[in-house]
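We just call them A, B, C and D in the order they show up, numbering each chain from 1.
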Amino acid sequence: MGLAANDGAGSESMIGVGVIGYGYWGPNLVRNFAWSDAARVVAVADRRDARLGEVRRRFPGVRVTTAPEDLIADPAVDAVAIATPVATHHALALAALRAGKHVLVEKPLASSARECAQLVDEAAARRLTLMVDHTFVYTPAVRRMRELVETGEIGDIYYFDSVRINLGLFQPDVNVLWDLAVHDLSIMDFVLAREPLAVSATGVAHVPGEQENIAYLTMFFADKVIGHVHANWLAPVKVRRTLIGGSRRMIVFDDLEASEKIKVYDRGVSLAPGPESRHQMQVGYRAGDVWSPQLAVTEGLQIAVAHFIECVTAGTTPITDGAAGLRLVRLLETATASMAARGATIELQVPA
Amino acid sequence: MGLAANDGAGSESMIGVGVIGYGYWGPNLVRNFAWSDAARVVAVADRRDARLGEVRRRFPGVRVTTAPEDLIADPAVDAVAIATPVATHHALALAALRAGKHVLVEKPLASSARECAQLVDEAAARRLTLMVDHTFVYTPAVRRMRELVETGEIGDIYYFDSVRINLGLFQPDVNVLWDLAVHDLSIMDFVLAREPLAVSATGVAHVPGEQENIAYLTMFFADKVIGHVHANWLAPVKVRRTLIGGSRRMIVFDDLEASEKIKVYDRGVSLAPGPESRHQMQVGYRAGDVWSPQLAVTEGLQIAVAHFIECVTAGTTPITDGAAGLRLVRLLETATASMAARGATIELQVPA
Amino acid sequence: MGLAANDGAGSESMIGVGVIGYGYWGPNLVRNFAWSDAARVVAVADRRDARLGEVRRRFPGVRVTTAPEDLIADPAVDAVAIATPVATHHALALAALRAGKHVLVEKPLASSARECAQLVDEAAARRLTLMVDHTFVYTPAVRRMRELVETGEIGDIYYFDSVRINLGLFQPDVNVLWDLAVHDLSIMDFVLAREPLAVSATGVAHVPGEQENIAYLTMFFADKVIGHVHANWLAPVKVRRTLIGGSRRMIVFDDLEASEKIKVYDRGVSLAPGPESRHQMQVGYRAGDVWSPQLAVTEGLQIAVAHFIECVTAGTTPITDGAAGLRLVRLLETATASMAARGATIELQVPA
Amino acid sequence: MGLAANDGAGSESMIGVGVIGYGYWGPNLVRNFAWSDAARVVAVADRRDARLGEVRRRFPGVRVTTAPEDLIADPAVDAVAIATPVATHHALALAALRAGKHVLVEKPLASSARECAQLVDEAAARRLTLMVDHTFVYTPAVRRMRELVETGEIGDIYYFDSVRINLGLFQPDVNVLWDLAVHDLSIMDFVLAREPLAVSATGVAHVPGEQENIAYLTMFFADKVIGHVHANWLAPVKVRRTLIGGSRRMIVFDDLEASEKIKVYDRGVSLAPGPESRHQMQVGYRAGDVWSPQLAVTEGLQIAVAHFIECVTAGTTPITDGAAGLRLVRLLETATASMAARGATIELQVPA
């Protein structure tokens, strides 16, 4: 075979995707949609012309625009992926849904529970797919943790404790809970499959005029389950570690580990009658083996993008649908209110 | 030189020490006093006769008794070290002080701020040394951190965050804050040299009839300084890690590291006017070198014991005196109250 | 601005690059050349048509071919990058040089010192750039180590010890030294800037009919400097760690560390007269601080590609030129001979 | 019970032990014998009077002497433990055996295979226990590895690779193989239970007048099994890591890990017919789960001391008997000869 022009033929039957926002996460979305067999990237929009230059160079053939409304109006666009600042999610997603497009929105879904509810209703009314990109839910590690909990391997859940800290850019429009803790909360929401009843959050904004850059969030569940997230933009080291304590086993999920991301510990408390003092011998502990299951190395976003395309095609409900996005935003809203009240416990307002 | 009987001669001029409690920590106290050049262990008391058998075997020549009152009454005993359950600290220390003995008490000093205050007053009235064994304060690592903060190397303090978790024995008489977090609080008290104004704590007791085995404690200080401790008896892994964030540098103290326990990070936020958006460019971050100072490998308890002997001999005030013990117990009391109120913020009652 | 066709305009003035081999490393070369501002990928060749399908999808506009000779003959191709099995390097590189193209070859440069020498001569005669992709030489970490050695910070070099092990694909045409150790040797060649005088290598081929999958290579230098590399395709864990011992300081380079890849230890031996025994006190050791310099996070290959383009444009000699490639292949050839002789020491035949 | 004189009664029926050498390791021997229920320390000898002062203080009642011959002659001494420089092992052990004492010698057993053989013969002739303190053999981790190999869990052995490096005191009388590698070799000897056929070792003495401080030792076994040890007194970091590669599973033993010292990897090569090229597909790899067995935390030396006492009492043969000591010294002797010949392979002279 000699040299042949490479025209990318065959792409016409794929789902046409438009990506709005080409900042930090947008390029990952474009790459994953572009490399998918079932979708093609039709257009990319970003208000900053300089960002579009990179799209031109890397993805010749993809249309670029500084006007998201043009992208939304483009008839070749079947689905819109939104990776812009949180404050703009609601308006862009609503416009896309109203234009009859399926929508994938970066986390968090919107700025308030009210906004989320409106998007959920709009998508339902139009029978369009609305998915929020809680990427971690699609990683092999988190799916495996869900399995371990679901099958009873872990036993009764005692606690969920997650730390997500690093030296990171201060976000202008949200506090560190909305930026970092949202990941831990999405993992918790999926793995535990239960909702907290009340929250108590504390935090501080160290830079004048900015939002909280360090935050601690406790969540109270039924059955004495407790959840906690520590999120911090001002830490010298990067930590991404989640502990799940259960009555039978415990899990450590360290996302920075290259190969043993999940470890399952056959450890816990054991209750036995004590000969000497009622208490001291009654509660002992079991220390057994440690086991680290082999995990696929597929990127979470690749699986998320494939799931979105599949839901759009088949008309099925995404795992991280609008309702999941709403649950998390409601939690973040309440936590932010508690933080403003220096840790005052606030019950979650779950609509009946 | 031929074989000679080893009579331990010369020990008469040393300070005579009696150790009450030969459970988990008592043997360490006995060993450190026994190996000191300036003290000798005269007697050991423990209610459990089986424990005394080990003393007999390891330390022939040391008197043993199941009656602490006999030890306190022993005229050869100049100082009493107390390593018994917390609930008994107050009565034993008070009896020892009233018998004219200097006293070293395991952390926490006593069960309540009121009890602590009484011990402080008694020791002051009798001009006796009262020291609480906040061992970590005497470790080379913690002393170095104090220096780094004191000299301004770290800049303005932003936060103190400490995690102390492992799979440990449930204590019958105290919750996990009193057992584990007390270490972090003693480090914080010494390194920051300032007191919190209010606390918000959350926690759960997973075993019926037991005290809280997992707890999260937030402390609010003046100047937007925030402190946090996570203590947990039911964790699958052992973690002992403290982060101190400052405006100039940040410290990570990992006590499980064999050789690089302290790392100083030349990292932080930098404020600069942003060309594009007011916010996003204004708060950037600095990422510089990391530096790990060489530390002596002396055991903290060895230094603490030497400090106690020196204070007894010279009549000077210990670094971790009764007042330090009182500060921590007041904090633990308040935290326990907040935890019972699901995180309600409670102002600390600091006497004028 | 509305939607505009993205034609990748402006790329005509760039250096035209053809990449031969689209297996494991080829995609990285294509990506880095494609994303460079100074080059454009004109064509990609691979004998396997299936591999070219991926090029078509990801890089529409790039010509693809199963015939490398067509790519070499293409007048739009100014430079050829070769990422094929080692056995084919010589023939492809020679053909490209003879066609007047500049050449970048994956490590190792060729299958024998004789082949390398021929390529070096051909490139010199035609005044073309010949560069071997010793990628690690271009990483910020390795460049920093070179600086530390060059400036005398480390003192006199004592040893270079490198471990590169993991569970990896057995290569059909080369043993594990040619596949893995070549990286360590390229780092050693650049950082120490001196050549070994003799080698002793041992190794075993555990799979019948295959080449050695585990190997240990000792290199003897002048001045009692010793070098050692452990390479292993059959290790359960991935290790990439290099130690450089010097008279003043020591370096640990751990390439798997996310943020502190290089640590400089202020540690070593100290010589002092001993009071008691001549020996035991004479050689003590110094244990001082540890320091980890901040490094840029740029990908080594990106810098290598930029360096190649710059050398082609300016006619300058690459850091990893043909002579560097020859030095390493000569070393690998000799090591393989020593390994076949169960560790027999072989002097390196360095041409005068 | 009131205060009672603690006379250590009951110790008369125990085995009387004399410890020669109270330098680095001697105190550990004294402590373990002293704390054992079945032995008591009768006397300690050390040429340095200053060292004996510490014995006097810590172990009142134990006789001390600067003359080992007096200790050996002491009728209360049933067994002699020797922890002196290697050069003195043979003479002291021989004298003790000739005086009818059971003997425990620190590793390595003696300075030469000839010396070792004489001790083995002397002990056999007199029906006395001769044990060499290959402490690691008695640790729970190493015993577990032996089980894993013995039961076939690991499959056919492919390699044994061990690294033991740190910044350590240069020993005056032995090179780094005799000081550090002896540990790895004792582990290898016990776990693999097979002897190498030939060795090739390389190393350098960086300090004039001293022995080699860095060494690499390859061992060739039957069935393509290869062993390797890297020992280094001049490393900036402490590493103690052993890899055992097998056809079914692989082990990583990291002695510096607090809780997961042993990890068993369900990983290895898999052989399968390849569709495209004969080779590349034929040898793939399997990557499965990782498993870390729970281990007891007993100190190896405590088990070794108990084993010695038991062998003395019951007249049974120690696991690490004189023959094991001889095997290792023969290996060290041969390795030292190979090192002097810059890696020349030397067959091991195993007597028929």
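Heads up, the rule we're going with is that a residue touches a chain if its C-beta (ideal position, glycine included) is under 8 Å from a C-beta of that chain, and two chains touch if they have at least 3 such contacts.
From a predicted model like this one, the values you see are computed outputs, not experimental measurements.
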Determine the shortest chain-contact distance, in steps, between chain B and chain D. 1
If you tally contacting C-beta pairs, which pair wins, C-D or B-C? C-D
Farthest-lying chain, centroid of Cα atoms versus that of chain B: C
Which is it for copies chain A and chain D: same residues on both faces, with over half shared, or different residues? same
If you average the Cα atoms of chain C and of chain D to get two centres, how far apart are those centres in Å? 40
What is the distance, in whole Å, between the centres of chain B and chain C, each centre taken as the mean of its C-alpha atoms? 52
Residues of chain D touching 2+ other chains? 237, 287
The chain B residues in contact with chain C across the complex are 260, 266, 287-294
Residue ranges of chain C touching chain A (in the complex, touch as defined): 1-8, 34-35, 43, 49, 55-67, 70-71, 74, 237-238, 256, 258-259
Enumerate the contact residues on chain B facing chain A in the complex. 48, 158-159, 161, 163, 165, 167-173, 198, 200, 202-207, 210, 214, 216, 218, 220, 224-226, 228, 230, 232, 234-237, 243, 245, 250-252, 263, 265, 267-269, 271, 277-280, 283-285, 287, 341-345
